[in-house]
Amino acid sequence: MSVKSFREALNESLRQEMRRDPTIIMIGEDIAGGIGGAGEEDAWGGVMGVTKGLLGEFGANRVFDTPISEMSYIGAAVGAAATGLRPVADLMFCDFIGCCLDQVMNQAAKFRYMFGGEAEMPLVIRTQCGAGFNASAQHSQTLHALFTHIPGLKVVMPATPYDAKGLLTHAIRDNDPVIFLENKLMYDDKGEVPDEPYTIDFGEANFTRDGADVTICALGRMANLAAEAADLLAGQGIQCTVIDLRTASPLDEESICESVEETGRLVVVDEGNPRCGLAADVAALVATKALFALEAPVKLVTPPHTPVPFAPNLEALYVPDVARITAAVRDVVKD
Amino acid sequence: MQLNRQDLIEAYRRMRTIREFEDRIHLLNEKGEVPGFIHLSAGQEASAAGICMHLRDADYIASTHRGHGHSLAKGCDVTGMMDEIFAKSTGLCKGKGGSMHIADLTKGMLGANGIVGAGIPLTAGAALTAKVLGTDNVAVAFFGDGAFNEGATLETMNLAKVMNLPMIFALEDNGYGEATPASWAIGGDVLERAKGFGLPAQRVDGHDFFAVYEAMRGVVEQVRAGTGPQLLHIKLYRYYGHFEGDAATYRPNGEAKKVREEKDCLMLFREKVTTAGLLEKAQLDALDSDVVTLIDQAIEHAVAAPKPEPGDLLTNVYSSF
Amino acid sequence: MSVKSFREALNESLRQEMRRDPTIIMIGEDIAGGIGGAGEEDAWGGVMGVTKGLLGEFGANRVFDTPISEMSYIGAAVGAAATGLRPVADLMFCDFIGCCLDQVMNQAAKFRYMFGGEAEMPLVIRTQCGAGFNASAQHSQTLHALFTHIPGLKVVMPATPYDAKGLLTHAIRDNDPVIFLENKLMYDDKGEVPDEPYTIDFGEANFTRDGADVTICALGRMANLAAEAADLLAGQGIQCTVIDLRTASPLDEESICESVEETGRLVVVDEGNPRCGLAADVAALVATKALFALEAPVKLVTPPHTPVPFAPNLEALYVPDVARITAAVRDVVKD
Amino acid sequence: MQLNRQDLIEAYRRMRTIREFEDRIHLLNEKGEVPGFIHLSAGQEASAAGICMHLRDADYIASTHRGHGHSLAKGCDVTGMMDEIFAKSTGLCKGKGGSMHIADLTKGMLGANGIVGAGIPLTAGAALTAKVLGTDNVAVAFFGDGAFNEGATLETMNLAKVMNLPMIFALEDNGYGEATPASWAIGGDVLERAKGFGLPAQRVDGHDFFAVYEAMRGVVEQVRAGTGPQLLHIKLYRYYGHFEGDAATYRPNGEAKKVREEKDCLMLFREKVTTAGLLEKAQLDALDSDVVTLIDQAIEHAVAAPKPEPGDLLTNVYSSF
């Protein structure tokens, strides 16, 4: 156990899994960087440096840089997963899914079903999400709901370095296609992370705070803000249960409903677009399965239904923050 | 690999099986006895057979919406396919895929595909598997003239080249993508386009099994040896409409008839092998009736086979259920 | 006014609008069919014959067949819309969005916002959706939720020939990008349709049945099944209000909430995937804005969260039908 | 169009403005004074200017993530751009787009773009508009060597060809797509690839304004006349890292320095015009200081300009709000 960054936790998971299983490969744009050039071979290790050093250890027959051709290399990862490898593909930003959705939605997600069970799809697609980087509308989206909407995919969004390693390791060992979303603001977040490999199961939410007054559900970076808000509110006499969902698909429906049965109040915090988003999905779950437990209307804390603005002052208003979460909680407990 | 007697019989058997399979499904569909969206490959058999005769089970192919011929040529089970097309639980995909999604990974058949161009990146993935695992397997993407203009196809020509993948692009140019002539839809020349991506490319008469077979012999040898991807531009023709139900009014009158009469691949094959004294007519006729029996039995099996159970709706979504 | 099929209603809208405004063009694969060939010039008029005859009337400088290159021709439609045309693009099946999502999600939907309002995007994308055609997993999806999730898009799904014409005409005149989903089972549906041009506003739901016991929301083909179910139930003493939402984005939130305030019960019927789907979205709306009106848990009638199966007997179980709707209604009224 | 004295001054002014703009933003970014993801085009000015000098406001261009140079060359307002990059409400996009989304449709600038390759189909759309409306406007897609491997780009080469669109593909090959050398990432030869789609294509030295200008003169004349799309392969170099913050360790030591010293487009331009006696050094120096003043003022304006109002978050989503 030692303190590691989110980035290091991910790198360690990749490294340990690749050591364990020679069929695991990595493929993506500039995940090494400098391939074919006269400069440093492993110049980048991904735009955020997450895959740094892996080319050096595993060589050019395990770590593949590609041309800028998302449909083709993501598709190649899908095909490789169906034929015996366990690819970890890197889609630099989840915003780029528009260039390769077919291979994810119509191929990877549906092979097992369309083929009557006669296909394995041990594929991981790591990708960045999240606003707050002043990266504007095409590099700041958080598209977990889009993936969650597609049957056959699993969708993961870790909130801590510990979870990042454990969930990525699980994702790599899983035989279904997993979309693994990393919030770009979190790579330098630090936390205790075991040195040895371990896994965290999908569909098992993490109760990070316990409180009788209200349930707050979130995942990824929003789960941390929710916990922060809960701590603030605890000082003001409002006790929150905070559920870090960890995976949007599968969803830990049971934990959510059980908690709402206890608290009677629900706030869902999510960075995705609100319409047909994950926050709505969780609210609908409770409206269908635990309605009579609710003592107040459900509150959703999400961005507005707009693209992500560039200006930092607008972006700050766009992304849910602790103040908006505490306000929402205060609202639901006063009802 | 030179074609011995055994091989010739095998080649003919595969082509004839495809033809009979397609012709019969055409009739069954007209009578409303098979469901679904169906695209038949009758007329294109020499390509499927000429290419797949060079492949082993561990080599992969990916196919298209027009996938019956490729599947049969790659060794998929006739009964399993027929059952699938009839939407039965005994089908290759348990009735959950149908004509457009026939697959058998154990035979190296990565799936027909309802999305034009989608099989091509998948094939690159199969080739990547061969490369990483250090086998000398190859992977073949079958696709049409229409698919040649999809981004997925074009990107993958480049990807396969720069990654030096053991992959073959089998462009089956039947002159039309749905109702649109390839001569209009493809800018520039096919071979030049492939070469512009650094791919060796050659054109071959897809009505002539021997031409396809010979071209593929050289290609597969080099690709197996690790010299990188290549493209085959196979000129051929589909006899039926784009999908079952399409009257093909976009084709000049008599075009299909003329090809059938003058260039039918089965006819040409028979002529060649009998003229050269390699096989006798009687032998071929006997094979023909064996195939009819085979397809009869497959249809009979498919008709009698059980439908999927209601519970099957919810299985095979994830590895755990 | 005369009886027309859904197909004819759409064709008439296109024809009348193209006559009215010379900047309206159509672009897509085989929307004429046979282009460049020796056969009949307008051989298809689209796979379903909707655009039949338009090439003849408007010529090859208004009606464009394209190669099979969705990213490119949909993108060209987006670029044309930004520069002075009003393109009606045809994406043969909505399942093919995987081949061109970027141009829809990151370009068309975001131009106006990213450019600070300095762009118009009068683009319509007509596309087919719906299961029941034994067309299997890649030609049977109903992806309106995916589009609804994306801010900047409008999403329309007509239920009748009358609505088809009025909504399409509105879509063509609208200055925002509109995804217009046509259920492939409905082209031969018949109904009264005025001969002259008319429009139906977006975001205005259609109350097709009036009843005090329960509110049923749906759109597209499901709205018709909901009405059928309501008629059946009326005979059994259960009075349903049926709201045909017509547009998923914008959503007529007010009508939904008002109706639920009156009936106290809500069933949402939708053919999309359930997770982060439109049904969940409507349920969440009510859970946040009209919770205390609810006298029973909300019921969602959707397909299971699986790909669309091929076998007709499975597909029949997959798509919501009148029996499942009536069962759901009976369930919520008994609580 | 022959270059008269006026034109030469205009060309130099545009190039120098771009250089100064980029150099200053580089410095401001280092000091943390401008937000966002920034990609600078210093070194590539001759291409932007040499091409856009042939265009009028009604002609469209689409650009890339590296769009400042193209925008300035196409006539976007310097102050409006600087304000935008500073995220101010007076910016060209009211502070809602930023460096990667600068656009001005009134100037025929269809937008920088954060998605590699995305501008190319958009450009085809602008060309389609010209075709349908019967103007003789043209549309130019600027894109990089990396973008040359995107499906969007490749599909559009074909689409533009078969639809005979008045479109120009301006491939700015600076040798790298992020950290990856173009020499590795592009299979085959660029010109052959373009020709394989039926596009006339030529290579030009992008450090030499006059070479770009002359090549574009012929191309734009033909494309305006309706002879269909063409491609220009413009070889050039970017001086800074891929994005601001990138140390560019993937480039051989001294590579950037060497290009700056030997092939800098501004240097070459000055040499040519002064040697040929077309303009005097003093004149160019005066222009340089005018440009410095212009950029100084723009920065001053941007610093002082107001931020967007909170309410702006919710506007410009749809035509109605």
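Just so it is clear, A, B, C and D label the chains in written order, and each chain counts residues from 1 on its own.
Please note the rule applied: contacts are C-beta pairs under 8 Å (C-beta built on N, C-alpha and C of every residue); 3 or more make two chains touch, one makes a residue touch a chain.
Everything numeric here is computed off the predicted structure, so don't read it as measured data.
Chains touching both chain B and chain D: A, C.
Considering every other chain in turn, the ones in contact with both chain A and chain B prove to be C, D. A separation of 35 Å divides the Cα centre of chain B from that of chain C.
Here the spacing of chain C and chain D, counted between their Cα centres, is 40 Å.
One simple way to say how far apart two chains are is to compare their mean CA positions; for chain A and chain C this gives 30 Å.
Shared contact sites, meaning residues of chain A that touch two or more other chains, fall at 67, 69, 71-72, 95-96, 98-99, 102-103, 106, 113-114, 136-138, 151-152, 305-307, 309-310. In chain B, the residues that reach two or more other chains under the touch definition are 93, 95-97, 101, 113-115, 149-152, 155, 158-159, 162, 184-186, 317. Contact topology of the protein chains: fully connected, every pair of chains touching.
Across the complex, chain B meets chain D through its residues 149-152, 154-155, 157-159, 161-162, 184-189, 192-199. Those residues of chain A that touch chain C in the complex are listed here as 71, 95-106, 109-110, 113-114, 136-138, 145-146, 148-152, 249, 251, 272-273, 275-281, 283-289, 291-292, 294, 296-300, 305-307, 309-310. Note for the complex: chain C touches chain D at residues 23, 25, 27, 61-62, 64, 66-67, 69, 71-85, 87, 102-103, 106-107, 111-120, 151-152, 154, 174-176.
Those residues of chain A that touch chain D in the complex are listed here as 29-30, 33-40, 43-44, 47, 65, 67-72, 95-96, 98-99, 133-139, 304-307, 309-314, 317-318.
Interface of chain D with chain A (complex): residues 35-37, 87-89, 93, 95-98, 100-101, 113-117, 146-147, 149-152, 176-181, 183-186, 248-252, 307-308, 310, 312-314, 317.
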